[in-house]
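Shared between the two complexes below is chain A, which has chain B as its partner in the first and chain C in the second.
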Partner chain A sequence: MTNATKESLHTTRGRPQLFTSYSREMAIFNTKVKRNWAIVGILALVVLPFFLQRDMVALITTVLIFAIGGIGLNLLTGYAGQISLGQAFFMGVGAYTAATLGGEAKGDVIGLGLDMVIWLPLAGLVPALVALVLAPLAARVRGLYLAILTLGLVFIGEHIFKEAKPITGGAGVGRAPAEPVFLGFDLFSNQTILGYRIDRFTIFYIACLVIFLLLAFAARNLVRSRFVRSFSAVRDRDVAAEVMGVSLLKTKTLAFTISSFYAGISGALLSIVIGRISPETWNIFLSIDFLAVVFIGGLATITGSIMGAIFVVMLPKLVNTLTVFIPGAGGVGDGSLLNVFELQSIIFGLLIILFLILEPRGLYGLWLRLRNYFKAWPFSY
Partner chain B sequence: MEDLFASIVRGLGLGGLYALLGVSFVIVYRATGVINFATPALMVLGAFFTGAFGNAMGLPFWLAVVLGMVVMAVMGLFIERVALRPMVGRPAFSASTVTVGIFIVLLIVAGRLIGSELLTVNDPFGLNTIDVFGARLFTIDIARLIIALVAIGIVGLFLARSRTGLAMRATALDQEVSLAQGINVGRMFGLSWAIAAAMAALAGALLTAGSSGVETTIALVALKALPVIILGGLDSIKGSVIAGMIIGIAESLTRTYQPLYAPWLGANFDVIVPYLIMIIVLMVRPYGLFGTKEVVRV
Partner chain C sequence: MVKLSAEQILAVEGMSLSFGGTQAVRDVSFDVRTGELFAIIGPNGAGKTSIFNCISGVYHPQQGSILFRGEELLGKPPEDIARLGVARMFQNIELFDNLTVLDNLMLGRGLHMNYSLASAFLFGRAARRQEVANRAVVERLIEFLDIERYRIYPVGMLPYGVKKRVELGRALAMDPTLLLLDEPVAGMNAEETEDMARFILDVRAELGVTMVLVEHDMGFVMDLADRVLVLDFGERIALGTPAEVQSDSKVIRAYLGEDLTGAAKETT
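== the complex of A and B ==
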């Protein structure tokens, strides 16, 4: 850090919107407040599992995994404007790559039992490679056509997953996921560290947190780069972007590939949380879940995707807790108007509709409104 | 030889369904630029109402179908007014995502309405067969084809000849100019949704006729109409009829011959044939057989 930027750090105290250099404005944490809150947030995330029940730890692990996939889809849908329903397919490819390389062989099912150091990067790279092969096709079509194309991909993928029995175990049977053994250290078993006994859910949560933080920061960094600027140019007006020298093919290919990398990692980790994966897991409804993460969280914001993931994963739990207070809701098959699962799905669908109509910027938009309100408080503007 | 003839007829029956659903997609797309992902759910609900009118109220099949279509048309109007009208002027992909939300909500509503008991549409076809040229054909397939073509013909005539149809076509062409000419554009949007929902309901009734019963899983059949509109062109009614037939026959032939000649492709391969055709079409002719080639300007 040079002296000039160091100085600007101090001079902007109290005037957070005043930037005295471009590098300052473009920094990941362009204000001190943001940086400090991020540190507090990360610390809170690290200690959180020690205060929670086991099932809640598994749930917040799922939140992190959904956030990874959501960030990936947001790079494609939010930044590059390419709406994709294919996230489930790429997650499936990632999960099966991981399971084949890192899982145990059982019967006819292949499993090489390799270390996580090998299977985790490959769980991202293989889907990315698949996306790279498919990208020329995806780059030919725009907007809604891509949604339909990737919808087809999910169905074709489900068929392939069902038929490729040595890799996936086949329809209705499934297989065990990869074993998260990192350099000989099992991340999914109870461990004793420095005399403290830590249960396996917490250990795996911490591992997911580290992966999540790495990928989230990578995405934040990427968003500042010229690559993602070209994504936005393509989203806003593709012809204009092309005239300005942005290659549509290269840009869309890159967006599709990066997005699939994130999806693959997310799928591999999700399969471990689920415990046993069957080809039916990677269906169109999982893709819709991720679309909801992006749209409810807010398009073209990394923070928004994290908020969206929290929301989408926590909603069922919340609805479950609140069922007793909602008239007409009840358990499965007890003659009530809607059971818990139906209620969850309906609320989920309604929220997608309501957010798009009332607050297209999503949860992140709500946060911006709240922040701006208190910035000028007690004045209205 | 009989096999071939029988599976082509079955394909045409299936094609009739796909054509109906394709037209349902096309009408909404032409009017509003939105791909209506809620169509499958509208179809399931349409099948439910037909079954409910036919069974619970004991009405004859034909009357039940028409009533089901009317109920769904009203529902289409309502959905457009409540969920889609506020999205006018927003990017088409946001509005299409709204229809994904509608899909989820309607599918749950349909599942709840159908319940756990078997519901049939009480149709006169069942598993009846007739012998034509030595081949045994299901009457339902022939009925599907004829009814679908008649329904699409009526919609086509309405669009081509009536004053309202002209207004709808004008709206599809240019919304602002039609507004300036005194057309109530919002009403045209509603009308497109009503027609689309009615077509989907008819497809639902015909799909469930001659098969086991109304279930939410039939929604997956309606998604296969998306390859149809890609093949036919997103904005062409003629295209979706022809593409519907092509895809229906291709799927049916695959179902007959793939297990014999290419068993390595796996069970139920016919289900993904439409999507494979779609991918090939997108590579060669992204705007489809009869679609308008997109002209882009900065």
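== the complex of A and C ==
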């Protein structure tokens, strides 16, 4: 029997939850509904920028980039249970690796002008290597203690970034990021394809979408493998994990390294969207933004990290729009009680607290509830 | 009574463990034979669990030696000891609460999978083949332990008795040569205890695993064990068959106190 007929038998039986082989059940999209929606979703993401304003395209590009970094951090914080504030540092290392290899030399600032084929993987590998070197330190601690340890890392990192002028341009000056030239094709320039003029923001968005999809699927694969299973084991019961043959040091090191790879790629791409990178970009607040992505999106879910990224990136825009309707809120320096940024911080803080208390599984948890409600409809209690 | 084989699978010699001034285990020696069901009993704080922790590498005894199939376990990290074929069930359930029953058991199979990180990222042939093969093993264990209907639930939500069974399953998933059971029936009612006893006997009969058992339920120990080691304050006070141990005056003293020896004999 061919695969196609097997599948049609599946549907005629009308039992989408019935799996006839383990590998089918293990599939990422293990039901037809999931697969079809994923295809629709990806197609929607491809055509989306053609209906949006330029600044909105830049915004959804940022969402994708935050999703990449968020997935990386979720592997470390959600799956391995290691709360890290070092995200911004590793993003910075990625961004500067990319800028040094792929940027233009200007004055004292080094830039080799290499192709994206070279700088993009290295923007992930170099932070991963740095993490690998730091891991023996980080692997000795767990949970909140890693947060304090990595907090130190962010401050040391920011200082190094400010001092390493040939690479970073120094404090307050900064430098131009890497040029996204992929095999000679500039991904950040206006192009005419088949007679249609496509602006550079859209082109770069599509490039980020491809990178995001590759990394997201890789992460999803990793999550169903023995590696992330041991991450979770170490998170839940480290002693039990050890006596079952899981090495704590190796596992934590791996989580830290992979997470930093994702952070590095995210940092390199983010620097291109920002346009000019200064050492101050990679500060503690960026790390906190990413923790918000992970906590609001939901711990230990890849889909949730994507939801969290959408939320965290879009929220400021939303707050901006809503400011008009909130009494006492206004712009910076116009004498109102709260300005937009203060309002943002308050809403952010409140949401993180609310999610931690009410729905620790985050937005993904809310989605699961919604889905299960309608799955059982009209018999939902 | 099963006839004991002469072959020693585990030989503990003169093991001592102390925490600061507290002597948890003092010069304890015993051996476990292949295929045996060996029990360790003793009042609270006698050092039973400490011995387990020493064998599985969680604690590091200051003196003595622990030979497992001729190989010294002392100084080895827990993951290496697990690799040699020692599995363990914990006194207070130590399952991975957020993972499903399936994933908990799959973790037990971790040592039987070796596909690369690259294969994991792509979920390539090696990863897929090994995951499916080990999944089949896990499913057989799930059936053996009669926990099919809990398969996809996070173990944190499951009732106590089922959790204990899952923990046994997780240890068995490792395909161990030696299984350490730390109070497998603690806090269970008579029916659950009987179920667990049956599982343990089945494991022994069908899988041929050598087991060391720590338990407070005397009926359970005396019914199941081939030989019993009795500890008190970290010291070995008796070692022998259940019948021998039960009539040992030192054991009775340890359990019932000095002056009641005579009275205790009458009531038991």
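Going forward, the second predicted complex is superposed on the first by the 367 of 381 C-alpha atoms of A that agree within 3 Å, B and C clash if a C-alpha of one lies under 4 Å from a C-alpha of the other, contacts with A are read in each partner's own complex, and residues count from 1 in each chain.
Heads up, the rule we're going with is that a residue touches a chain if its C-beta (ideal position, glycine included) is under 8 Å from a C-beta of that chain, and two chains touch if they have at least 3 such contacts.
Model, not experiment: these values are computed from the prediction.
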{"item": "Which superposed partner A:G349 touches (first chain B, second chain C, both, neither)", "value": "first"}
{"item": "Which of chain B and chain C A:W367 touches, first, second, both or neither", "value": "neither"}
{"item": "Chain B versus chain C as contact partner of A:R140, first or second or both or neither", "value": "first"}
{"item": "Touching partner for A:I83 - first (chain B), second (chain C), both, neither", "value": "first"}
{"item": "Partner chain(s) touched by A:F19 [first = chain B, second = chain C, both, neither]", "value": "neither"}
{"item": "Which superposed partner A:R237 touches (first chain B, second chain C, both, neither)", "value": "both"}
{"item": "Which superposed partner A:S247 touches (first chain B, second chain C, both, neither)", "value": "second"}
{"item": "In the superposition, chain B vs chain C on chain A residues touched", "value": "B"}
{"item": "Which of chain B and chain C A:E163 touches, first, second, both or neither", "value": "first"}
{"item": "Chain B and chain C contact sites that coincide on chain A, given as residue numbers", "value": "237, 239-240, 243"}
{"item": "Chain B - residues contacting chain A, complex", "value": "35, 83, 86-87, 90, 92-98, 100-105, 107-109, 111-112, 223, 226-227, 230, 265-269, 271-272, 275-276, 278-279, 282-283, 286, 296-298"}
{"item": "Touch list for chain A against partner chain B, complex", "value": "81, 83, 137, 140-141, 143-145, 147-149, 151-153, 155-156, 159, 162-163, 237-240, 243, 284, 288, 291, 295, 337-338, 342, 345-346, 348-353, 356-357, 360"}
{"item": "Complex interface listing, chain A residues touching chain C", "value": "21-23, 26, 218, 221-222, 224-227, 229-230, 232-233, 235-237, 239-247, 254, 300"}
{"item": "Chain C to chain A touching residues, read off their complex", "value": "56-58, 77-79, 81-83, 87-88, 90, 94-99, 103, 106-108, 110-111, 113, 115, 117, 120-123, 127-128, 130-132, 135-136, 170, 174"}
